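Next come the structures, one after another.
Shared between the two complexes below is chain A, which pairs with chain B and chain C, respectively.
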Partner chain A sequence: MPLLPGLLLLPVLLRLSLDLHSGGLNLVLQFWQAALQPSLNPLLLRSLLNAVSTTLLMAVLSWLISTGAGFILGLLCSRRVAALFGGSGWMSTWLRHLLAPFRAIHELVWGLLFLQLFGLNGWVAVLAISLPYSALMARVLADQIDNRSSSAVQALKSGGATAASTLFTAVLPETAGGLLSHSGHRLDCAVRSAVLLGVFGLGGIGTDLALSLQSLRFHEVWSGLWVLAMLMFVLDRLRRRPQLLAVVAVLSLASATSQLDLSFPQVTSPLLNMSGEQLLGALQETPWAELIGGTLLVTVAAATIAVGLPPLMLLLTLQRRSLRQLLWALMRLIPVPLTALLLLFVFQPSPVLAAVALGLHHSGVMGRVMEDDLDECSSLQAEALLQLGAGQRSAVLYGRLGPISRPYLAYGLVRLDVILRDTAVVGMVGGAGLGWQLIDALGSFHWALVLLLLLAYAALTISGEVVSGWMQTTWGCKAVEA
Partner chain B sequence: MPAQQSKTVAWSCLLAGVALTAALFGCSSTTPGGDTTTLRIGAIPDQNPEKLNRLYDTLSDELSDQLDVPVKYVPVSNYAAAVTAFRSGSLDLVWFGGLTGVQARLQTPGSQVLAQRDIDAEFTSVFIANGASGLKPITSSDQLVQLKGKRFAFGSESSTSGRLMPQYFMKQNGISPDDFAGGRPGFSGSHDATIAVVQSGAYEAGALNSQVWDSHVEDGRIDPEKVSEIWRTPTYADYHWVAAAKLDQRFGEGFTNRLQEALIGIEPDTERRRTILDLFGAEAFIPAADGDYVAIEAVGRELGKIR
Partner chain C sequence: MPVLELLQAGLAGRLQPINLRISNGDRIVLLGRSGAGKSSLISLCNGALQPDQGRLLWQGQPFLQRSRRQRCELGTLWQDLRLVEELTAIQNIQAGALGRHDLLWAVRNLLGLLDPAPCMQAVNAVGLEPDLLNKPVLNLSGGQRQRVALARLLHQMPQLVLADEPLSALDPVLADDVLATLLQAPACLISLHRPELMHRFNRVLGLRQGKLVLNKHPDAVTESDLKWLYSES
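Right, the complex of A and B next:
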């Protein structure tokens, strides 16, 4: 089943081969050669180190805030906790629905919006990441608590324990493990979000990368990429050691004030003076069907590439796990606009190319999910198949890929709405849609259109969630949120 | 409770605790809103933005020495962000493009144009074409129609020379953005990237800042077989320095005038000043006024980039 999306790769390859032109091959070569000789200019390195600590700080701060806020909100959203305290649970259900829009709008969109409201301020990025992440964390915690039922809670309650003590001695301990590993994963996500926000002008290493890329200084781009790679490597090592993570968090907090302007933001809201006439005008002048259709097309194509590529690579490389992991890390490392530009050097622009650029980046994330799933799943089935005389490939296909295919595909569905928002960054390859329109509207300070586009986004993601929720129930499995 | 579990709980509680402290700490560590005694300057990311970001000390030190006030450079990497930062008072003096400068002034009452470069009063864009595109040099602007049906690339969406003016001149000759192959133009993101995507053949033609094009040609970075200039636009006013309102109130009577004089007075006589002029690609800065950008404002409104 996970190989099905891979079928789409055929027409994509066909289309790409038609669009192939070798005009920029030397540029692509230059880019990869630059990987081995990044610029070591001391001015640049100093600037990069400053920038990477700003990025880390944004990520850590928003991660801490969203973990804290998500924890409290999660308890409030949980029907089981409500029942413990004698509530009926409808409030928790409603709160859960209330939080959905916050989850639905991508941090980049929040970031661009807050930038307009608050100007340049350290809180813009932190707030932009914290909002959706808190809502997500709340949902994960509430789900974890509500999907369990234990005798310990019953025992404690009948023993006359208070609700609060039951919560802390019975309910929370059972969820603590899963919660910790999830929050570790969120930090990695927060770093990538902070980088992406930087690419759009909110500071940190993303900003430096974007600026060097604008001038096509590949040696400098690679200095930035290597610094970023080191950061991601270190964080990945720390992922399973929350103690060390806590230390890193405290240390980076200590340097917070010197790195980021965290003064209280001054609200200047142009969104408030908007007339109904402007809204109507924006509604009429925009080709909505075309925009939404184009966006959905690119999203779905990109998602199939992202989901289809990892299993295909698994079958091609079989035991060479470290090779694959290097590939996934590289895909995640290179920001989408850069992938898009590199592809443009050798292919003609088309929506397909936009989908490929997005798909490749997200295949890095899907690849890592697949490897993690494979690690956690026993290889007994595959060995049994081998013993029975199956070939290497079919043993991997049926014995290893088979068991993980459901959670893997379910996760792919969750990934869909991240990709949807990322379509904004591929304007240069002709994959224009809602996201590109949003960036142009922000650049024109056309607030009526900005508001409408945000509503369109929210509507798309919420309906996407409904559909993916329905499909998950049909397949009988729940995605592990990540 | 098993030891392992209690340890995990302890760590999660610690994490949650740190998180709450962070939230509180963050909210309370507010230094007073705007520091009014420092002059904060910025620039749109247009030419050599990565260098400007690293060498900003040169400009802020120069102005600080001239004006005897502390000067801080605030890096900005996005056109719209620079406009917003200016409006919200995070920046006092900004190097804007033609369009962004007008947008910023319209949103910030009381702000004014101070200076432009020697080349900005009569700035131009160039149209370039890939060798294999079959596009011929254009002698009069009505021949722009040959761009219909071609793959065409602009630079950044808010760029005056890389998007606004080229789109305007094409509109004058009956070409709209949906006449291009694929029904829309591409946006390469920068002038350098526009050259690269046209030279590689991904796009058949594109438009960019003529200064960037000329310096590429001079440095021998252009392969004339692969990409060449086909048309140069009529002139228009572009990049300029815009100062915020009420600087005189904050820094003393006549400060805005002194600021203008300091900018205009930058000559290539010291190492630092040469670096500054080099960064901005200028021989000198000359006085400029709001009225110089009336035409740009009209074009901006016509194309919907100014509302």
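Right, the complex of A and C next:
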């Protein structure tokens, strides 16, 4: 089953071969050669360290805000918490629905929107990340609380404990482990989002990477990528030590005001001055079916690449686990727009190219999930098949990939939602879909269209969540948000 | 005045209307076949289930209007223990006193900042080894968890103890300890599957197909009473 999506790679490769222009092959070769020879110019390194600290500040600040806000909103969204305090739960359900559009829209879209509204300000990136992350954190916390049994709660309540004391003694400790793990993961995501926003001009190391790549200074690009890789490595280690992570967060906060312009931004609100006529005009002039169809096409193609590539790589590189891990780390490390720009050196812009850029980035995430699943799964079945005389690849296919296929595909379905949001990022490469139209509308200050496109994105993502939830239930393989 | 009083209280399809008075000094054992309604009666008495008919009184007042102080006077040893698995044994035992304290106290317990001395009497009474106190309940054996639940109940210091099959899955020595501890409460209602233990109580209730059919002193219970209680038809 996990190999089936890989079949899509055939038509994708065929289509890409038609779009190939060999002029850029040399550039791509130079890019990869530069990986081993990054620039060590002290001036550049100092500038990169400065940029990476700005990115870290944006990420930590937005992480702290979204964790705090997400925690409070998560409690308010939980039906079980509402029941604990004697409520009926309808308010929690409505609040959950109300938050859905905030998490459905990509942080890049929020970032570009706030940039137009507030101008270049430190809060733009912080708010752009905090807004969807708070809503996401709230959903994860509410789901974790609501999916647990309530036996200890009843025991404490019947013993005279107040609702608040029961919440702190039974409900929160039950969910604390999952919450801490998810919160650590969100810091990782916040750094990636801060880098991505930087690529689109909001400062930090993303801006440096984009400028270096656009001027074809690949040695400098790789200096930035290696610095970023080191930061991600350190954060990954810190995730297992919450005390150290807290120290980093406090230090980042302390230096935030000096590194970032956190003055209160001037608010202009063209969205509020919009007339119904403008909205109707935007609704009529836009080819919605084509845009939504293009977005869905890119999403499905990217998801199948992301899900199909890791199992294929596993079968091709059976014993070379470290090579695969390096590959997945690289895929995750390079932001999607940079992957897209690299691909543009060799291929014509098209929706397929956008799907490949997205698919490659997310295959890095799926690859890591697959390796983790394989580590947790027993190898006894594969060994038994080898004893029966099966070949190495057949044994891995049946004995290793078989048992993990359900949770792996379930996580692939969760990834589908994320990829749908990410189509906004590669919209300009594909020249099609809602993402492209949205970035175009933002650039031309067409606020009526921006509002409609945001609504369309939110509706699509929420529909995607419902469909993927239904499919997970139908297939009996509920994925855990990682 | 009775501590707990059931006045024609029943649960549709599970328990026929029952009149029952439990006073200080009552040691009541609840007997009956599986499915006879023992767990339903316990759940009715501790408020986990609301009666479809009739009334419950706590110290003469309507059961649902109990104050917070009165709520902690009724303690239950649940069949599935209902411990907070992620907390340590001592945090779970301290949680028995939540009814007497405020939210700040609950947070301090969560952070492990409370003095364990007040609950050591309960810990010693159930024979829980001190080195287990700081282990998460998740890592304890079945017998150890049972002792933690019992210690939490003792630390609650209830006036009436309800227990649903507290001895099932326990070895004979531990079962004897647990029963002895439960019987020290001012009043108790305990459902058991072991009629041979009824002489340690001062009242026997028998349920059959959701109906209270036996309410006697243990010495008055005959072999034929028990045979009928446990017979199929």
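Please note the rule applied: the second predicted complex is superposed on the first by the 443 of 482 C-alpha atoms of A that agree within 3 Å, B and C clash if a C-alpha of one lies under 4 Å from a C-alpha of the other, contacts with A are read in each partner's own complex, and residues count from 1 in each chain.
Following the convention adopted for this analysis, a contact is a pair of C-beta atoms (placed from the backbone, for glycine too) under 8 Å apart; a residue touches a chain by one contact, two chains touch by 3 or more.
Values in this document were obtained by computation on a predicted structure and should not be read as measured data.
Undergrad: Using the superposition on chain A described above, determine whether A:336 touches chain B (first), chain C (second), both, or neither.
TA: In the superposition, A:336 touches no partner, neither chain B nor chain C.
Undergrad: Tell me the contact category for A:177 with respect to chain B and chain C: first, second, both or neither.
TA: Both partners.
Undergrad: Between chain B (first) and chain C (second), which, if any, makes contact with A:397: first, second, both or neither?
TA: So A:397 meets neither chain B nor chain C here.
Undergrad: Of the partners chain B and chain C, which touch A:352 in the superposed model: first, second, both, neither?
TA: In the superposed model, A:352 contacts neither chain B nor chain C.
Undergrad: With both complexes overlaid on chain A, does A:443 touch chain B (first), chain C (second), both or neither?
TA: In the superposition, A:443 contacts chain B only.
Undergrad: Based on the superposed arrangement, let me know which partner A:169 touches: chain B (first), chain C (second), both, or neither?
TA: Touch partners of A:169: chain B and chain C.
Undergrad: Which partner, chain B or chain C, touches the larger number of chain A residues?
TA: B
Undergrad: Please identify the positions on chain A that touch both chain B and chain C, taking each partner from its own complex.
TA: 168-169, 172-173, 176-177.
Undergrad: How about chain A: which of its residues touch chain C in the complex?
TA: Touching chain C: residues 151-152, 154-156, 158-162, 164-166, 168-170, 172-174, 176-177 of chain A.
Undergrad: Give the list of chain C residues in touch with chain A in this complex.
TA: 46-48, 68-76, 78, 80, 82-87, 91, 95-96, 98-103, 105-107, 109-110, 156, 158
Undergrad: How about chain B: which of its residues touch chain A in the complex?
TA: 1, 5-6, 8-9, 11-12, 14-16, 18-20, 22-23, 25-26, 29-34, 45, 48-50, 53-55, 74-81, 83-85, 87-91, 103, 107, 130, 151, 153, 157-158, 182, 184, 186-190, 192-193, 196-197, 199-203, 226, 304-307
Undergrad: Can you check the complex and tell me which residues of chain A touch chain B?
TA: Touch residues, chain A against chain B: 21, 23-24, 27, 43-44, 47, 61, 64-65, 67-69, 71, 115-116, 118-121, 123, 126, 168-169, 172-173, 176-177, 179-180, 183, 198, 200-203, 207-208, 210-217, 220, 242-243, 246, 249-250, 253, 256-257, 262-264, 266, 268, 270, 337, 341, 344-350, 427-430, 432, 436, 439-440, 442-447.
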